[in-house]
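In what follows, structures are represented as structure tokens.
Common to both upcoming complexes is chain A, partnered first by chain B, then by chain C.
== the complex of A and B ==
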């Protein structure tokens, strides 16, 4: 009897630490975000709010969402546009460019050692502390001392096309934002894709060679279709992390000095939605926690909708179907 | 269809010598089996013929054309892999059509050929399925269909039956042989199963440790093995081997082992004695008779254990410290420990040089 109960309980005992983590670090914050999104919490009424937390004395309001949806906050549309540009461009680098890169590294480069060196070199920004990565970029793009402009001039780009400041003049600042995030992000896709490519049985590649396929045709007809699952994973994962990521933008534009990052990021037109939400909560004078929560909530909803769409596009249900084997 | 010639072909992977100086001539429309234990270099040989591996040394010719440096797609070979290697994301139809699509064959022509091959292999009703929805036997047919659809000059089969259950294997063996004779495609068949090789191939190339041991038709391989390896590898249960010396006593020749002495036919004894005195005698389990009383020129032994197989029985007999296996019909009751005598068919015994393992007679 004792054994029977423990057998039923056992999975839950093992799962408990994980479930606790999920509850405290994921579900609770989401619920809190939902709650705060409907309040007018700010630094002005912070103490009152803490006292009345979850009681009817808290002033529940739709004002935040009115601000977002009825364009009462003029900056919402711009943040939305910048976020769209940011997510779509960086995602293409992370998912599509990383795929091309992975096929090149894991299939076309036959030498295992060369292939490994290339993979590692692409991983360096990921294993480097983020702040150092951001600082390196800051030096790299410096108009006076940085290498970037010199390199571009050397490559034949006319001086008139080069910006005075990569940080501050859009669209150069936006290009910078995309490249900085794309370079780091592509390594994630590359790791997933190269592992998946290496796990394709050699027999299948050999069969395609015997069937008359060229290397390029193997990449197109065999490798890419077999990477459907890793692609779904990379795209979903990267979409979610891009929607909520602003750390490199904060570090690069935040270290620019003078006026605080919020002002600089806004002027440089690199203020993505999540950074905007962050700045509303922690940077602006008023500390609008309620409004920032409402902004974050929109991100969560957009993320969930996108994931469901991806699963539909990739035929998630069909992929999960058990195979029907008849003997 | 073409002749395939392997001219002194070697393949090394770093320090590992997978295939060493292999010479093979495979006739137009011939069915040749590459037979050997795992790691003997047979699959490597096949992949070199396919063009996946480039030989380290030597040449491969299709008819008179040197194909050594040609990529697989310029060789017109069809291949069935041990794992079948069907493309999991394509339907059966697309799998079979794939080689034709790469060749840019017109769409209606592809459709006609795919259906023709599907009919030949009786997989017409499976064309819309995915490989994961097929049984092992069905996958094997699809793999064969994909290899045949482009009408290859050479068909390469890498252990195609090893993933099937025993019953289906017997059926497919006959089926493959019929198909090969019907289509008259030059075929190289890799297997570690001597029964498959013996029952299907026109000629068998026995390989061991990267080297060709013997290349001959099945009956010759069975009756005249070139060395100890071939003699031991072909036939089940395997040939019995007994070490001993050849001695001449008063103009008569004897095979003298530790436990018994056997008088040999004079001519045979002379031939052996002229080459060496240290020999290994071999006889097949079916070439000895068990008798229950002593007769001249027999070997005494004790019944060790009896293995019934249904039609036949295998009797394990202990001679001194050795155990030999005898295949015979069930007859007299044999109990372990019982004394018996073995009468060998003196015309069907083999002698090998002890030093080299080469057959003397």
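== the complex of A and C ==
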């Protein structure tokens, strides 16, 4: 006796757990963010709000977006500028530097054990708990006891060029923000690229070598073009991650506790958009959930627009088409 | 042609049965009440148990914030037992290390909020309807509250009502290194007289800046002054008040920005960091460990700290050789005083930021909860929290408690409560603090002049606070 399940149904049964997870962990929060973004929800009216959740009694308003788009919030422009610097710079490290690093490790380093050791060493910050990573950086950059200034002096950097404080002196503080996030992020791209490079059939590379191609030409004309898919994935993934990431900035610039870290982050010019949203929702006394949701919604929209742009740049449709070459 | 997958029923049935079994198990588990044991015949009536939940937060030593409610309940239980009332209060405690506002809102949403909470954040709790006004109870039980320091009632009044009882408080003294002053040639009498002279206004901050410069010039210390690496109130709010600034309008409750006082405060910090160079220009953001280690090891002469730091230095190993400081070492080498008047003619001051006990709006027994917080702050129990956690008492009679009297430090700092001040109670105070610390950071670093920072601060605050800000010349 056999049970017949429609062939059309079968994929949905297998996909169901993942779809449920996407609905509850991504689509529902986004919908909730959209809804909250149009409210004035804060801890002051939270109890009224939950009593009237999704009813006409909830005060829907455009005020949050007016504050953002009509520069009524004095920090919006600055947060936007810093976020653009942050995302572009860290993404360059995560996507481009990681690519160079992967080609170096996976192609130019022929000894597999050395290659593996190098990969593992780059993964250390990712394995390390975030708070430890931030703490180590805090020690490293200490102007008096930290190693960073000593190393830079040893490398010949004049003392006059070194900042009094890596935490508080822009642009040094912004360089620190970029390096801290880029160093940990580069390992992600490196793993993806390295796996992709390792999967390139050696026949193609050997054929190029026989034809007299140099290592650089192989990297430039064979490896990089074959990494389009992983590059699209890494850039898209890292863009979305960076737009919403603030944890290392919070841990390093807010490590003193005791309040006012948002003010310190602003003085250091490291207040990225997501941290600003977080500070509005959870750090201020009044917990402006509505305004923070509106700020986050802008990030979601920017993220979606950027992903569509990446798809266009990388020719997503062509990438999805079946290969024209008979393998 | 319709495609179909062929799956053997014998494979599917066990899986279906398993899933159905799990669902039935869950439903049955929820639906079925636990078996009720047959009550044994007993001559005494069943004791009625009243559960009271209390939430609090702080550092590990502050756990007395919730433990003291249990102590108060124990007193009431013994009273009930003595008079034959068959009621027993059971306290359910939760203690958090940090802010628990999100957990509290979630508990309110689930209608499972605790009866009593210990936290600050009064304006939001009162405006949001999380807590109830206690005026009627305070009046009814006024005889139990006569010894609350009168000044502390300011910290629990908001929009004309009393919303909480003060749970603890503290003072923010200026600590100084006695050993460094000795090396500068000060006699023991001069050193011991310093707190009194500061209290009388005979010694000002300008005088101490000169002492700091001398100590730095002679190579006795690396820095003259350290202050907190973040806002935290001290010394910024204190200096602003000393220059005559007001932070909240008592009539309207709006936040006030006094341009003259704010400018003088910024000018003083600028002078200390950029002109006299007795304060590190990158003080903001310095690690706590470096701050404590710097002062405890005698590399810094003056430190704008808090009363709780006296206990912290005994428990955390900041000293290079001694590790945790013995209290005798502290008495020998460290002194404390009010924050001196910034210049002659002004007054010394300190700042308190009391922790508060509230009765929540979802408490089923608000009067009982009020009685518990009243008892939990009564002198004998107040003394336990004050001494164990390094805070100051909220009741004037606590200082006569034997447990409190044992602590020399507590006896000697108690007078500071007569010279204390408070931060404003306003939901947008956080935004004010953020703009203020930005200005301080830039001024101390020399990135902006005090005048430029003042202007930037005004622009920011006007945009952030709107009508809730009053600017005075």
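Note that in this section the second predicted complex is superposed on the first by the 305 of 327 C-alpha atoms of A that agree within 3 Å, B and C clash if a C-alpha of one lies under 4 Å from a C-alpha of the other, contacts with A are read in each partner's own complex, and residues count from 1 in each chain.
Note that in this section a contact is a pair of C-beta atoms (placed from the backbone, for glycine too) under 8 Å apart; a residue touches a chain by one contact, two chains touch by 3 or more.
None of the values given here were measured: they were computed from a predicted structure.
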Notebook entry, point to check: After lining up the shared chain so the two structures overlap, which partner does A:225 touch, if you call chain B first and chain C second: first, second, both or neither?
Noted result: first
Next item on the list: Could you figure out whether chain B or chain C reaches more residues of chain A?
Entry: C
Checklist line | Touched partner set for A:210, first chain B, second chain C, both or neither | finding: first
Notebook entry, point to check: Which holds for A:150: it touches chain B only (first), chain C only (second), both, or neither?
Noted result: neither
Next item on the list: Would you sort A:46 into first (chain B), second (chain C), both or neither based on which partner it touches?
Entry: second
Check: Regarding the shared-chain residue A:309, is it in contact with chain B (first), chain C (second), both, or neither?
Finding: neither
Check: A:73 contacts which: chain B (first), chain C (second), both, neither?
Finding: second
Notebook entry, point to check: Do chain B and chain C land on any of the same chain A residues, and which?
Noted result: none
Check: Can you name the residues of chain C that touch chain A in the complex?
Finding: 2-10, 12, 101-102, 105, 108-109, 121, 123-124, 127-130, 228-232, 281-282, 284-288, 290, 361, 427-431, 433-438, 441-442, 445, 447, 459-460, 463-464
Check: Quick one: in the complex, what on chain A touches chain C?
Finding: 1-8, 10, 43-48, 50, 72-75, 138, 142-145, 164-165, 167-169, 253, 255-264, 266-268, 279, 282-287
Margin query: Give the list of chain B residues in touch with chain A in this complex.
Written below: 47, 50-52, 71-73, 77-79, 81-83, 85-90, 98-99, 102-103, 130, 132-138, 146, 150, 156
Notebook entry, point to check: How about chain A: which of its residues touch chain B in the complex?
Noted result: 201, 203-204, 206-214, 217, 221-222, 225-226, 228, 323-327
